[in-house]
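Listed next: structures, encoded as structure tokens.
First subunit A sits with subunit B, and in the next complex the same chain sits with subunit C.
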Partner chain A sequence: MRYLSWAYLAAMFGFILLPVAVLVVFSFQDGRLPVPPFNGPTAEWYAKVLGDRDLMAALGNSMLVALASSAVALTLGFLAAAGFAQARLPGGALMRGLIIAPMTVSYLIIGLGLLQMFNWAGVRPSLMATGIGHVVINLPLCFAILSAAIGAPQKSALKAARDLGAGEAQVLLLILAPMIAPSLAAAFFLSFTFSWDEFIIAFLLTRFDVTLPVEIWSMLRSGLSPETNAVGSLVFLVSVLLVVTLELTLFRKASK
Partner chain B sequence: MTADVEIRGVEHRFGHFTALHRIDLSIAAGEFVVLLGPSGCGKTTLLSLIGGFLTPSEGQVLIGGRDMTHVGPKLRPTTTMFQDYALFPHMTLRDNVGFGLRMRGQSRRARDAKAVEMLAMVGLDDKAGRKPHALSGGQRQRVALARALAVEPDVLLLDEPLGALDLKLRRQMQDELKAIQRRVGTTFIHVTHDQEEAMAIADRIVVMNAGQIEHCGTPEEVYLRPRTLFSANFMGELNRLPVRPAGEGVASPLGPLPVPPAEGILCLRPESVGLSGSFSLGRARLTEAAFFGAHHRCRFAPLAAPDMRLVAHLPQGSHPEIGAEVELFGRDPVILPEAA
Partner chain C sequence: MSIERSEKRLGAALAAPALLWTAAFFVLPFAAMVWMSLGHMEGRAVLPGPDLQTYARIFTDPSLAKGIRVSLEITLTVTVLSVLLAWPLAWIIATRVPARWRRLALLLAVLPFWTSYVVRSYSWALVLGEKGVIMNALTGLGLLAEPVQIMATRAATVIGFTHFFVMLLTLTIYSNLVQLSPNYARAAEDLGASRWQVIRLVILPLTLPGVMTGAFLTFVLCIGDYITPQILGGNNELSLPQLIMLQLGRRGDYPLASGLSVVLMVMVTLAYAGCARWLKMERV
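Up next is the complex of A and B:
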């Protein structure tokens, strides 16, 4: 029984991680195709990727869009969550529902809607348009995470702060934000990851400057190559580093 | 540093529910007033109205003679010590206590000095650099008090602040609260449902029930000369005898009693019933007795009404044998009209 459960665990990790492992292994393929047999390691493809201007530009664009859209989504989500936590509004439940609703809509539909609306409003496809699209998908997420983090202790601390003479901005910045800092960080990094990975909206709403997933997709159109594996491995490495640093710093501190 | 509070015709409704019915109450500067009543009686609502967390549906709240009815908590000369302490978990005790001063634009040096002084008052100055999670419940309580007093409010509002503490600590904090209140001279308005706590700390007790003030007076007045049956009952155990006027005295189930004639319920505290007193309650048989340390709690069956039980607190070592017949006496009689 004991062996069986270990086997089950191993199978589960295999299922989750094998595709990534294959991707990473064949990014070192000495040859033109990332398929077995493995011909021996080479760093040639990594050199090529790092020397590829378009790819590096796309990487920069992705970073910019992810940082900016996550920051905006986090700010708006924080303000909305703080507001709903403290004020009793007529139709409050309905308004909460409306804010969270975009989470249930597929990215394709949101992307199409944004494309038509931007066309009509005369906004050209651009990184800015993509960033706005990413705010649309990440705002509900930030709102949901932060709303859940504001409970009775936070509300009563806010009440006490006001009682001691704090203004609204001070209440939010000096009391609420530090009290829910772990959730703020979680919401920000989740938003960042979703924006970083997001393809459909970015594909529909960019034209000349593209984000990394769109650039990878256009590379794939010319067929499989260990170069795309190398890009994927690099992106994966960045994500892993991010998660590990978070785990070691912020979340460990918060759980104390 | 201190101010009087005046509540004029204050009524408060939550939707269709009326939490307070036209309350009038004057609290003098420097007074320690306790709002006492069962849960749902409106005492916390009244405190919130004074603190500015609620705006009354009707009526006025005056603090220090100024109309504060529509002023928010931020600008009122009041601070509140909350039931759950509401300390800021990410700040040290020094920063917690100094927060109000920081909001008033004081320099870090000035507010740190004041914060340490306030912490010293509650005996926690050696922990100024700690955070709230490192403290016990009683210590957090003291920090909350220091924080609320650091801004030198005219009126301190205490919302059942001792409810979460164990009995011994509660008694100790009551003494401390009383001592600190005398020292700083600030008006304290304290909410509780514990009548012993109310008597231990109050200059004046306001007994509330169903959104109305039942009685307002010193602990002695409220306990010994209650104005309503509710207030008499709430303040402590009671022997209740229905009476009606008969000649010079009253007629009761125990027979005629020589007390001023009135119709209603004759109330006698257990300690006002005993083997001596100002008037006789007739003979009775002791049915049960229990030793409570400070007194014996005895239950008597009067011979004139054997189904009835009179509870008496007799001094240590002076109660008769169970089953013995003695003559009981009463003192401090109060006759109150039956509740409508």
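Up next is the complex of A and C:
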């Protein structure tokens, strides 16, 4: 049983880590094809990636869309969570359901619906349109995380602040926001990650200025290349750094 | 005005922006899509309905009906395979790995989860290709005389999907396992259960909520995904999302794309109804 367990663990780790290992190793391939044999290390492809204007533009676009859409989703989600904490609203369950609903629908369907609506309204595909779509997918997430963070202690603190004469903006920004700061940060980072990696909505709703996943997608059409490996490895490195930072700061604190 | 009423008005005012956003950019587009699916294409023009010609076409045109079947088959295979592979992995990490290594083991087990989705599919294309690492090793060791084609087949799609969803399920099942009190297993052992019986009759049923939540997520994400079948499965056998994208690109057939999306939506809803008794969405 014991040896079997370790053998299984090793086999599954092999399966899970194999593609990433191959991706990273062959990003250093000295040659035109990222397949065996490995011809020895070169940083040539990384230099090429960092010097690629289209890629760098796409990286900037992705950063912009992810920051802006996460900020909007976080703000709307925060206000809504605070609103529902305020009082029992008539039809509250239905309204909560409406805000959560996009979570259960495929991104493809959300993107397709927006594409058709924008076509009718005469709105051209753009980064802005993509950002709107990303707010749609991230708002339910932010709302769910922040709603869960507002419990009885937060509610009574809100009430106390109001009784003592705080204005509504003061209540939200000076009382509620600091109390649920870790959840705000977690919601923002998760939204950022989802927007950063989202492909199909961005693919449908952008045309000339594209985001990074769409740019990588168009690189794939020219076949396998160590350059694609290099981009992929860089994206991986950034995400892992982000996750490790989160693990060491936010979640460690949260679990204490 | 009573305090309670003013509180209600304030609450509604705070929730309003989120509700308006969802109405404008989710409900309205969705309604537009359903309306579009009730029209049909005639030549190169969209004729608005309402009629059911598009739906009639979906269920009579063999290539479209086949897409639905292919997607269902792939998704069910992936869901079952991922559960079968992930459960023992989560169990080993939760119970066999020493406590101080547990977090590291879990982090490693889901590490590629954090790479870009497109890049992950691409890296499987590297591994599974005719000149890729696996075929190279197998032919090099003399186990295979000729490389076998995996890329651009259903097997490649299933492998790529399974890789992703094993990680997702390991997370949901693991979080379920660590919440179980060890007393359940001890009690069963005291009552004379063998180790295998403890797992099969006690632990396994107790992890059913985690398994079902993960399986439902797998089903939903898998059946709606365009990237993996497009990169790994190729164009020999089209899945439902590939068919939807095909209608948009080449022909501009929005009614058919919308109709197929509605079918996709209905399948997800049915899956939800099927799993609802195990799902507690508030935990997600």
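The rule is simple: the second predicted complex is superposed on the first by the 231 of 256 C-alpha atoms of A that agree within 3 Å, B and C clash if a C-alpha of one lies under 4 Å from a C-alpha of the other, contacts with A are read in each partner's own complex, and residues count from 1 in each chain.
What we mean here is this: a residue touches a chain if its C-beta (ideal position, glycine included) is under 8 Å from a C-beta of that chain, and two chains touch if they have at least 3 such contacts.
Keep in mind it's a predicted model, so treat the numbers as computed, not measured.
Partners subunit B and subunit C, brought together by superposition on subunit A, fit side by side with no clash. Taking Cα centres throughout, subunit A sits at the apex of an angle toward subunit B and subunit C that amounts to 100 degrees, reported as a multiple of 10.
Among subunit B and subunit C, the chain that touches a larger number of residues in subunit A is C.
Within the superposed three-chain model, A:Leu74 lies out of touch with both subunit B and subunit C [touch as defined at top]. In the overlay built on the shared chain, the residue A:Leu205 is in contact with neither subunit B nor subunit C. In the superposition on chain A, A:Ala161 makes contact with subunit B only, while subunit C stays out of contact range. Of the two partner chains placed by the overlay, neither subunit B nor subunit C lies in contact with A:Val65.
Legend: residue contacts after superposition of the two complexes on their common chain; A:Leu184 is shown touching neither subunit B nor subunit C. Between subunit B and subunit C, the minimal CA-CA distance in the chain A superposition rounds to 5 Å.
The contact sets of subunit A with subunit B and with subunit C never meet. Residue ranges on subunit A touching subunit B, taken from their complex, read 152-153, 156-157, 159-167, 170, 175, 178-179, 181.
Of all residues in subunit A, those touching subunit C in their complex are 1-2, 5-6, 8-9, 12-13, 15-20, 22-23, 26, 33-36, 76-77, 79-80, 82-90, 95, 98-110, 112-117, 120, 132-133, 135-136, 139, 143-144, 148, 168, 193, 197, 199-200, 204, 212-213, 216-217, 220, 224, 228-229, 231-232, 235-236, 239-240, 242-243, 247. Within the complex formed with subunit A, the subunit C residues making contact are 4, 7-8, 10-19, 21-23, 25-30, 32-33, 36, 85, 88-89, 92-93, 96-97, 105, 107-112, 114-120, 122-127, 129, 131-133, 136, 163, 166-167, 195, 220-221, 223-227, 231, 241, 244-245, 248, 254, 257-258, 261, 264-265, 268, 272, 281-282, 284. Taken in their complex, subunit B has these residues touching subunit A: 51, 53, 72-75, 78-80, 82, 84, 86-90, 99-100, 103-104, 147-148, 151.
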